Amino acid sequence: MILRLIERAAVFLVSLAVSSVLVFAFMAVLPGDPARVALGVNASDQAVAELRRQFGLDRPLPTQYFDWLGGLLHGDLGTSYVSKVAIGPQVFDRLQVTLWLVVAGMVIALVVAVPAGTVMAARHRKVSGFALSAVSQVGVAVPAFLAGILLIVVFAVKLGWLPANGWTPPAQDPGMFLKQLILPALSLGLVQGAVLTRYVRSAVLDVLREDYLRTARAKGLRPFQALWRHGLRNAAVPVVTVLGLQLATLLIGAVVVERVFVIPGLGSLLLDGVSNRDLLLVQDVVMVLVLAVLLVNFIVDLLYVALDPRLRTAS
Amino acid sequence: MKRLNPSLVAGGVIVGVIVLMALVSFVWTPYDATLVTPASRLLKPSWSHWFGTDKFGRDVLSQIMVGSRTTLFVGVVAVGVAAVIGVPLGILAAMVRRWSSEVIMRANDLLLAFPALLLAIMFGAVFGASTLTAMVAIGIASVPGFARVIRSGALQVMRTEYVLAARAAGRRPWPIAVRHVLPNVTSLITVQASVSFAIAVLAEAALSFLGYGTPPPTPSWGRMLQESQEFLFSAPRLAIFPGVAIAIAVLGFNLLGDGLRDRFDPKLEDRR
Amino acid sequence: MSDVLTVRGLSVKVRDTMLVSDVDLTVGAGERVGLIGESGSGKSLTALSVLGLLPEDVHAGGSVRLDGVDHELIGADERRMSRIRGRDIAMVFQEPMTALNPTMRIGDQVAEAMLIHKTRPKSAADAAAADLLELVQLPSETRRAYPHQLSGGQRQRVVLALALANDPSLLICDEPTTALDVTVQALVLDLIVRGVMDRSSALLFITHDLAVVATVCERVLVMYGGRVVESGPVGEVFTRPRHRYTEGLLAASDLDTNSRRLTTIPGNVPPAGKFPSGCVFRTRCAHATALCEETPEWSGTEARGFACHHPAGVADV
Amino acid sequence: MSEPTAIQVVDLVRDYPRPRTSLFQPAPVVHALRGVSLEVKQGERFGIVGESGCGKSTLLRIIAALDRATSGNVIVEGTDITRLPDRRLRFLRENLQLVFQDPMSSLDPRMRVRDIIAEPLVVQGHPASGERVRELLEAVGLSADAGDRYPHQFSGGQRQRISIARALAPRPRILIADEPVSALDVSVRAQVLNLISDLVDELNLTLVFVSHDLSVIKHVCDRVAVMNAGQIVETGYTGDVYAAPQHPYTQRLVSAIPTLQRALSGATTSDLLAKGDAP
Amino acid sequence: AGSSTSGSSGSSPGGDQKLSIGLVAEPASLDFTTTDGAAIPQLLLGNVYETLVKQDDSGKIVPSLAKSWTVSADRKTYTFDLVDTAKFTNGKPFTANDAVFSINRVKTAWTISLKAAMDVVSQAKALSPTQLQVTLAKPSNDWLFRMTTRIGAMFSESGVSALATDPVGTGPFKFSKWNRGDSIVMVRNDDYWGTKPFFQQITLKYFKDATALNNALLTSTINVIGTVQAPEALSQFTSNTKYQVIEGTTNGEVLLSFNNSRPVFKDIRTRQAIRMAIDHKALLDTCFAGRGKLIGSMVPPTDPWYEDLTGIAPYDLAKAKSLLQASGAAGKTLRLRLPTLPYATSCGQVVKSMLEQAGLKVQIDQLEFPAAWLTTVFKNADYDMSIIAHVEPRDLGAVFNAKYYTRYDDPTLQGYLAAADAGDEAAQVDNMKKAARRLSEQAAGDWLFLLPNLVVADKNIKGLPQNAITESFDLSKLAR
């Protein structure tokens, strides 16, 4: 088990290293000169060259890469070419915002998906199961931003129950924070929940077909009891995988919802960075996203071990 | 003994209608989908314009019809890219030695760290926003899914006795991959393809919304939805038609995928 | 001697396909009854109908009564059935590798059988589980193990322990040793027989292996195409078979013939729903005549009888 | 006994690596074969019996050059194939063919029966005439139109016939059968065993027949090797081994086999357990 | 936002009242000396930084930090009398030395292209702490005008160390807090030398999405929409008595630019045909909901030399067709490379459709704005046509010259412009009129329309600007 841990950790670190090279290389080929964008329309060529020197863009690429990497390792994400402020704190702030959103969305998704998926699977031949299934199919088909727009129209503009957009940090005004969190979290959570429901359903269906569930019922457990005591933990393994992948896509997928609800998250920072050609910022944000995704994968790997004793003993 | 599978039928019908719509739009649409006619802007649905017109006076129905081409194009490119890279990769990973397979799958997993939208935005920035670049990006992001599914399918095939028999008959690895492995993972490919198709359609809509998707004046459901935003209160139908079209298309491909999966699922098949 | 299990006119259908028809079956207290037949003959469905665990879509009709239970088992609701399952009727399935929950410790799975029916208090259940595992000759560490750490034979013994936990009045075993090696099979069979004899439980033993059924059981029913074609004491049925199918089966399994060629039953077992009308065996029977297009009546008693128009053992030239 | 040797196996060892459990110790191995030696004469019917996991299939795979030995040698008709590269195995592919256990997974479900049977011919560059395929189908007792159908349209026994037809296609001299009847029903088992027997006689084949069922081996084979945990513990004429097993393992094996005769004469389950040794 | 009863700063006009304004483009930095774009001066000019002179609502140049000024007879020397009560927010008083420092710093430390307007200054010196003298190398009417824009902003010598994050000026507001990606908070400068603003705190919230901006006002998250981006959605406010809608003019000429260095555009008939093929009224109706003003040249109505020139190239499809036939451009494909801006995307589609009816083929490319568009169209002039609003004031001369992306090389035009810059006021007006007319007649580009100044606010907000003709969004006059 320790070995598995070490192996996973090694894979994690190597992936991280390779990603950093990929990200850096990608940024290096991005057209559009950050210096020119920063200087604007009709800046002179000397001024641009001067600024490139200031940013260190005139150095050979490997030097730039290792400087950047060295900074990252010390937690120094550098200074933005455009806004000239330190990138680290900004990324950290935005990441927090996105994490709130994603985690809240994920919680909603789970709260929706686990019971709904289970019922759908257990009753998949019954009308109730079929109806739920149809609802979830439609849910999967709705883009998150469309759900967001609809929620705004109904709950904010027409009913006036909740704010249409905006963001308040929880420390500043917890009440406002919650109010503003509800709609975006719902629009992420309901759509993701619908997707997750399908996976929960198929995982539970698989489990329902397992022999050990028949054994459990032969012992005298009723179908739902058997599912609860013997099925869910086994069904959790494939669901956790999907959850990990979803969390990863949500980190960036939230950008659309951030746009609809005017939330200053990591995704909008990335979009701004791209359009301002704030290359270093973009590079840092992408790296942070990749780190987050890899971290989630790593945690999912560890969760498997917790869930499935077969992975625990090597023999 | 094969029962009619409702998902498969519903999915097939929806997808069929979309394909038909796209084909018809090549030869006929009620109006020229890109012709701006200021005189007839923002008309309500009527006999002459079934779905009404948009702010440019363009016929919404015609745009939806032509837009279905974009939707199919999007899916075909994304799924094509994903399948062309992912399928051989998956089969390769199943056939090579253990450590090389490990390396392939790790590299594949690494790609998972770059979600579709992120790749699309980055590609859009490098190569300019266009449907093609966006979809190549979505396709690349769908490679890991394909490779994983195909690999596990191919591994199962490689363990079967008919592969052993083929080897005993003297077949070399590559012919085995082509003659035995590939045909036996086609069901997996179809299922994965229709699911990826749905994902690509959604991604195109999201990208169009962010301004990284299909550029004008090519009609696209995603962009129609985005353009309709300022009319959300004055002419909500402009959002409803493309919104519903996207949802139905995604639904269709998802249903098709589900139906195909049920049909090919060996666990369900054993009650012949 | 009272009958523990009484099955009358049992039929099993999936949609419009008849899978099992008109099965009568009784098992007396302490009696060991075998059910044999080739793959697809409906043995498992018969057993599952008794337990009420048929797969979705598959429905049973007829009557199943259990001694000490005042209601019909067919069509009883889940609540009532779950009280009977595991306490009055226990079952051991064919596939030991998948019959246990992979994420739960062995000891807990065995103890659970008692906790569900509250036949032991929680404090005593663990100790009882240990005793049961000892009974099936597993070392005491097994309690803390997970299923994947055990071999197939060991797992099947765990399943047996679990089935015996509440001293059921009827134990059903569905091909419990088909997946096991002969040496392991010998041990498991012995444990089953000793388990039911110690508890004077009735045993319904399903297998397709004639020799096994002859070793384990006192009485045997032969199934073919979803019907019981012959029944009687083991010694009688296997020495003087009356139904032509039983006869053919005995001949085909006799590997001790001196000639290289074995006697065979021509043709294949048809798939479910494709059996001929009338005598289900007539398409493969050398003695079949036009008469066989009518369903043969049961001849003899329930304890010893057969359903064939041209039975073996009488002048049949 | 002056028949030439068809297959000779000398001190064959096969270790499979397992995933590492510790960074500091070498990866553990499964010893699937621990020094197996045997000799099969031409025209002989040779049985190998042993319980699940004892290494029977591994041994067959190495003999058929579908797997590589860790050490030891396999000599088929005088040629040491142990270290021959794949492309030099053509003679082996033509002379030695296999029949597998699982009638479900041994035929490619996406191929027509005709193509399945013709596959060895096509691969080995023989003209795969419809004539030959029909001939083979007939030889295994299937009608000629069976060639147009797909494997799932056949029953287990029929599929096993197709498997046999495929194995016979290149006119091999050695037929290796890995538990060909274990998955079949008794009545069908008899048909397939008869077929194999007939074909071996007719075509003068050398047969290597693997089974976990000693009764089947006893019926089919002249000589038998008893395997246990990667080793051969006893070899001899089947009648002798069955009647008077020498090795304790063989003794246990023989006594554990339930038979009708013994049962009808009153044997109980406890008689199946060989006295005196714990499992 | 609402008034509170706590009277902590009761002496100030509006107590501690707060206001929230929704805007579109968030600045990337607070330093407009090195970062281009309209967002920073919109926020800071006039609010945090002040200039010596400024434009009033009608476009006239009026005193600000300079109480008065005189111009020498040769029109080369300007003498400014400065106010003596102004103070920077870092506590330093504003003196003529600061003015000299600020003017010289434009030439030395600024990097944005607009700094070129200061090149004409040959010397700036402090005659006394309250008197400043600036000497120009040649007479220039434009220079004084440019002093009302960002390059005229007055900095403190000791306040330029962190321009990007900590601006120091003499204005009525102080920069307080920046929640990046969301909003910027300004607070009243209670030491301001002039009339103190009403609001104690004004938050500028930035919305990338026009619909979100509207929703924010509808749900009272903000009180004012500074610039309406989705004119179609205005109806929901005009029909609601809770809101006021202000419609005025700006300096933003939406220009359909031609790359005049391309062979097809060398022929004046092609250019004229394009202008005539476009039905400007219909275009404005379709892509900007009819809001905005039709102009026939590069001059907004608020400039003194404005004339209605829309009659020079009236919509005439038949004539356009025949002109295109004559010039041989008919059937050719032109690349219309649009920046990813909502109005450009909208209008581009209309332009394409109209030009195709006249017999041209138009291929639309979208280029990400700003980065890709700036490089491709603006810097490399790799385009045939493009659409962008030129929002700088009095930018006729800057836009139409051979070095600019329009590649419009016209000595006659340059002659008019030079004369206008050097002459007296009357000569300036006269020559500028000639220049504007020349542009229109030569069809150097097509002016699709003038962006309107569209402001929506809660009914009770006062002091909102009718026209947006300066670079700044003046917060100091706002009141409730």
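Per-chain numbering from 1; labels A, B, C, D and E assigned in written order.
In the analysis below, contacts are C-beta pairs under 8 Å (C-beta built on N, C-alpha and C of every residue); 3 or more make two chains touch, one makes a residue touch a chain.
Note that the structure is predicted; figures quoted are calculated from it, not measured.
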{"item": "Minimum number of chain-to-chain contact steps, subunit D to subunit E", "value": "2"}
{"item": "Chain pair showing more contacts of the two, B-D and A-B", "value": "A-B"}
{"item": "Separation of mean Cα positions, subunit D and subunit A [Å, integer]", "value": "53"}
{"item": "Averaged-CA centre spacing for the pair subunit E and subunit A, given as whole angstrom", "value": "40"}
{"item": "Rounded Å distance, subunit B centre to subunit E centre (Cα mean)", "value": "45"}
{"item": "Two or more partner chains touched - positions in subunit D", "value": "none"}
{"item": "Touching two or more other chains - residues of subunit C", "value": "271"}
{"item": "For subunit E, residues contacting two or more additional chains", "value": "209, 211, 368, 371-372"}
{"item": "Subunit A contact footprint on subunit E (complex, rising order)", "value": "26, 28-29, 31, 34-37, 111-113, 164-165, 179-182, 205, 207-209, 211-212, 215-216, 218-219, 221, 368-372, 374-375, 378-379, 404"}
{"item": "Of subunit A, residues touching subunit E in the complex", "value": "31-33, 36-44, 47, 50-51, 82-85, 90, 93-94, 149, 152, 156-157, 160, 163-167, 259-262, 264-265, 268-269, 272, 274-278"}
{"item": "In the complex, subunit C residues that touch subunit A", "value": "51, 53, 56-57, 78-79, 82-87, 90-91, 93, 95, 98-104, 112-113, 116-117, 146, 148-149, 159, 162-163"}
{"item": "Residue numbers on subunit D that touch subunit C, as the complex places them", "value": "51-52, 155, 157-158, 185-191, 193-194, 197-198, 201, 212-216, 218-219, 252-253, 255-264, 267-270, 272-273, 279"}
{"item": "Residue numbers on subunit E that touch subunit B, as the complex places them", "value": "209-211, 214, 230-233, 235-236, 279, 282-283, 285-287, 289, 340, 345-346, 348-350, 352-354, 364-368, 371-372"}
